[in-house]
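Look for chain A in each of the two complexes below; its partner is chain B in the first and chain C in the second.
Right after this comes the complex of A and B.
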């Protein structure tokens, strides 16, 4: 009788996995260190003054904090309207309010900057005299970009909040304001903290909007010094780590342990929509409407106008194919890089927190830093087949997979954790071979999560800018880099066509994702 | 005669166009314990929500303490205990109990008194997540009792607890409520729970739920006025018969009947009315027999109905015949 071969001991596999993941996550930091120790570059960078560094650092922190505060207020208000209010058109309005997620921040920034410029389509109409750029404009754009993240996180938490708890407080004589203050807000605190963490990291690590708006923050500074010799770029990279770390700690302090707090409110209660007072409804709807105008309607109108009315300068087929190829291959790479730790964590029944932390840390590292670190490593690879491999796009895929591995991890972990071992044992006892178990039991259970993980990563990859901009092989362009270049060259026709194509691609993937998630429910 | 703390008059409740319960007439006197017993989906929890003020009746009226109940929930002066406990998970046991006493004179004394009475003193500083189900429900009850409500609403409060704890906690709960002098309205689908705790039971059945009968437990068991009431108050075979002059003829023979009704009736044959004899051609089929602590239980099937009957000895037979004892109760059909 054939006895099953002993599996690799879990602790050893986990240790190897931890080491492997740590090594991959450490690559950009290694590149940063090498750039500091052995600075190389075709042109030496100009000297950088302390004042400029201090300004960029304080701008980074202020930008992150301001965007977080405004996005938290707006996103929480929209989440409340979505879950707790019922008035004609409320469902449509709140569904539309998460659609700006499909617009990358650099595209939103580019359309608003060009559209609201004194000679822009809307700027002229409104009689604007000043350019729409700089720190304030960046805060505005990033608030528009980040609000849907807050809305999604807070509305999910609000839906899970059992109404019985609020009813209990009401039956004990608590007024509506006391219920919000003492029951709802403390219960939402983990979700609000988690949303704050998301927005803090997003705003501090953003490259696209700050580059388009010419805002001197650390990510944009690092990009500007990246291709030059000298220690300026690694110095800025180090400062970026120093600036972001306290923000992450602050976010975690605010949120506590989001996952375990959610578990204490597992029972879903009766959630009934309420019709608010007319004046409250008017203010809420006006805010939501204004948000939608700037975050969705205006950008879409401008993109369509430029794409349709202004002739494009160059063909689009190349960037379109490159985007699709990079999106698909990097999406598959994230499934491997995120799937491995997810499988190990699931095997240990949700333990191995270090692996999970590492996966999320990798995704928290700003794209511009990953791009810079890997670029420095590639520059130090000796000429030969390995160098060709790196320059041929492998390093780009590695960067994108590192950046978005957490998307696949988050999609796959729950599916792997909920895979019933008993159903597999039942299949084996019924005579199914290992292959048939995979095909008919494990596979169908994991398929929706694999598809979701892939599509989530695909959408993020095709919208990504700094890693692609820094690591894409010479002579290639994606739709994202085409939009960025077209904005720099003021070719609005190119910008419009590329943006419409990118949005089309994202919307198709998003539609598939919604279909899958509905199927899963 | 004591005053009514609650009166429901022809109350109809609906979610949008869907009526969940209608024609509910019910009164509760001070200190009285009334249970609403009914199957899932008959709208019994909605009745409680309407009394608490969380939903408005689509027709009919509710009076609390002699006045129309129009105040919002926070000013109705009724307490409520929930099936899922609905504790404030971010507050300690002490703060949960004291929540409804904010700003009230003697709040601390009252909280300490309830902590002691509910044997929660040692757990006062713990968060609800660190308590067992039974302890959580004691906190839920103490919290609801703290503001001294004259009426306590209990929405299947023991449904999430295991069977042994359910019985124990139910009796304890009744004692606490009684010692506070509060009236109670319990919603449950558990017949034993309702019968063990209530002065009177209101049986609700159907969809939308309608009130079938309100009475004391023994009266409901012995003289149900509806087949649903007979089924919900205990084991019974419901057998069609023709009745005249307090006699009835059914498939099981002739019987004396208590009710003075004529024509087509349904006889209510409780286990204590049954004499069962093994009979290969008998009409009752023995589905299953098992020993339960002191007696042999036999699950019998007859004409699409099942009834479980306790006997001192095992009946070693596949089929049984039945003769009935004493006068039976009959319901008009």
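Right after this comes the complex of A and C.
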């Protein structure tokens, strides 16, 4: 058995850097504390509504659990079809079924709410009498949003699973259900654990879909109370941290080290498998088809119709430029904030699990909490210091970098860990300068991971809503905030045009990501 | 320019605060930096799509750079201004409902406006303390589906009738509703208003963040009736002619027939007081008032401005209440919170 090598000691610079990073992570919590200690409001602060808190907490937990269960079942099934089965159309359908990743949850929610209303495009066809909003509708939307994450993680694990164990069990007469129960599921446990973590945190931290669907969960309650003064908002913020941090830690325990590199690259693509029975093919096709209608076809159809047929009122160029600038700068900031712990973990040969957990916990904190905490902090400090950062946009970048640091961490850690020290040593022995070693050895090795980390963060940043909504400097709008505002203003033309532009931007980034991903593999 | 501006701010150079904190220096040294425009920061509870074109027209004419902070909730924006206090960057506060301006004024956060500005509108459309001046009016109405509601309620009280259970929408977070509840407390008294709100709440109204989505919701069949301001229907229909909804007023003199005033004022901490006054002057000019009448389908605050042909003139059916009846926002919010509506 291999003896684990001890972690290398940290240099003073690394220790200082670590301290600085920990301080940045603590800023939103400091803001929360200040808001609690010094509540300010124009009128008397509203009292703490305990019953609302209890209801919102229970809704949050139920929402996260239900979305996780349904998305795990659906995503695992799609992954199985993608990797293990082949039937007409299965390759195309399973490739398309990861595409809803490009749609932010608030956009999906807005289109489905409109489309499935009693007189909406599909609602009228289906003869619906009820509104499409509230808790059930939110579960539906978030399951659609989260299923691709599960499919990606589980399909990657399934592809790596050695088939010979299953074949041996089959030849010894084990039934298919027993093989799945006793061989496949235990082998997939880390992947399923990691996928469950992703979905749990996504659903508990979601702001956009719950806001559009008017579902009283903690994130939406925090947003609603955020501008009223009083202690209800910081109380909810604290509850969110208490509720979500254990989820992240539990998920990491369940998933072990599995997840840290799993979302580094978008993995998709169909592999040839067995041809199942006709009834299985029919059910698989129907499920995938239905999923695609709600998660992709209807939303795309509606935003295209709104964007093309209804004239937009506001100009688009400003939000487009702001989105690109925020995406690029926050993507770079995320590389720094996520790259630092990744480098430290790599330096210690994969040890320092606590640092990795801290990175994931910081990124697991809901955006609305980060936005609220940083805003409260900025508003309570004297003019000329942090206030100018808030008005200038640096605090927005900090919030976004905190929220998505784990994206670049997950992309960079494997590349840093697999860096060949022998090649670097050999180059040095041959007299290569430090710069030349970086340019010719380290750089080319890290470039795909850096590009992937940047693009993953860019895509997440341009789709992000609550931090941007709360911290964007006066006078600026991103495409995401334009979509949200246009939905609230019922200006569907503006919504359509902004959504088409955002999707275009995300698809270009995603295409580059796939290209880098292939290059890496 | 806009792109450069955001690159500048995202680089966190603090250029924004420097510019804002030294407007007089910027004005005093035009030769040193001839291209630098003074910055005017506007906090607006009125939506961007509604007022941004007008504000930009002023900025273009006057040669100022605008920093616009919009929030659908005037309450949130007013609280932000209160939190910022004398360090607020806001030069102008544009409110969806004037009650918030009165409240800010009472807390010592607004300047008094000069008479040359306030006297541009009739006395009923300006603050007695000169903290604000009205910019335009909106009529409170029902938006409803003529196909599904054959007998719309004739009074506001009737809106809470059990026959409309689950069919009515409202926006309890919206400043117009806060102002209307304040007026109801004056007109009906606290007990009747509270009982009516409770009846509304028992009828399980559909909650919307703003008024405009209620218009869309009537058209898409989510609700049958919304409690809104009149102009949203016109604005949305101008974009989307397939909209299936109509406005209706209540019976003459009913508590539902109220004119809601939007207003503007200058925060105490404003750095660019002079330009802020110029903006208000522009908004109250014939050009500004025509914008509200023709582009926003609103009732101009100034006399002698022609209404949009689609907008019915205000008649004698209105509830006769002074504008000051709408300004007790604190009392209105206290009631809404006590009933767990907000």
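Note that in this section the second predicted complex is superposed on the first by the 459 of 521 C-alpha atoms of A that agree within 3 Å, B and C clash if a C-alpha of one lies under 4 Å from a C-alpha of the other, contacts with A are read in each partner's own complex, and residues count from 1 in each chain.
Quick note on the criterion: a residue touches a chain if its C-beta (ideal position, glycine included) is under 8 Å from a C-beta of that chain, and two chains touch if they have at least 3 such contacts.
Nothing here was measured: the structure is a model prediction, and the numbers come from that model.
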Exercise. When the two structures are superposed on chain A, do chain B and chain C clash or fit side by side?
Worked result: fit
Problem set entry | First, second, both or neither for A:489, with chain B first and chain C second | second
Exercise. Quick one: chain B or chain C, who's touching more of chain A?
Worked result: C
Exercise. Of the two partner chains, chain B (first) and chain C (second), which one does A:301 touch, if any: first, second, both, or neither?
Worked result: neither
For this session: Treating the CA centre of chain A as the corner point, state the angle out to chain B and chain C, nearest 10°.
Result: 170
Exercise. Which partner does A:34 reach: the first (chain B), the second (chain C), both, or neither?
Worked result: neither
Exercise. Is A:175 contacted by the first partner chain B, the second partner chain C, both or neither?
Worked result: first
Exercise. Which holds for A:512: it touches chain B only (first), chain C only (second), both, or neither?
Worked result: neither
Exercise. Is A:187 in contact with chain B, with chain C, with both, or with neither (first, second, both, neither)?
Worked result: first
Exercise. Quick one: smallest Cα-Cα gap between chain B and chain C in the superposed arrangement, Å?
Worked result: 51
Problem set entry | Residues of chain A at both interfaces, chain B in one complex, chain C in the other | none
Problem set entry | chain A - residues contacting chain C, complex | 40-44, 46-47, 49, 52, 114, 117-120, 123-124, 131, 133, 211, 214, 224, 226-229, 310-311, 313-314, 318, 321-322, 325-326, 329, 379-380, 382-384, 387-389, 391-394, 396-397, 473-477, 485-494
Exercise. Which bits of chain B are touching chain A when the two form their complex?
Worked result: 52-54, 72-76, 78-80, 82, 84, 86-90, 99-100, 102, 129, 140, 143-144, 146-147, 153
Seminar exercise, completed: Given the complex, residues on chain A that touch chain B span 162, 164-165, 167-175, 182-183, 186-187, 189, 264-265, 267, 269
Problem set entry | Sites on chain C touched by chain A in the complex | 2-3, 5-18, 21, 41, 47-49, 52, 66-73, 75-84, 87, 89, 103-104, 107, 173, 206-210, 212-213, 215-217, 219-223, 232, 236, 239-240, 244, 329-330, 333-334, 337, 340
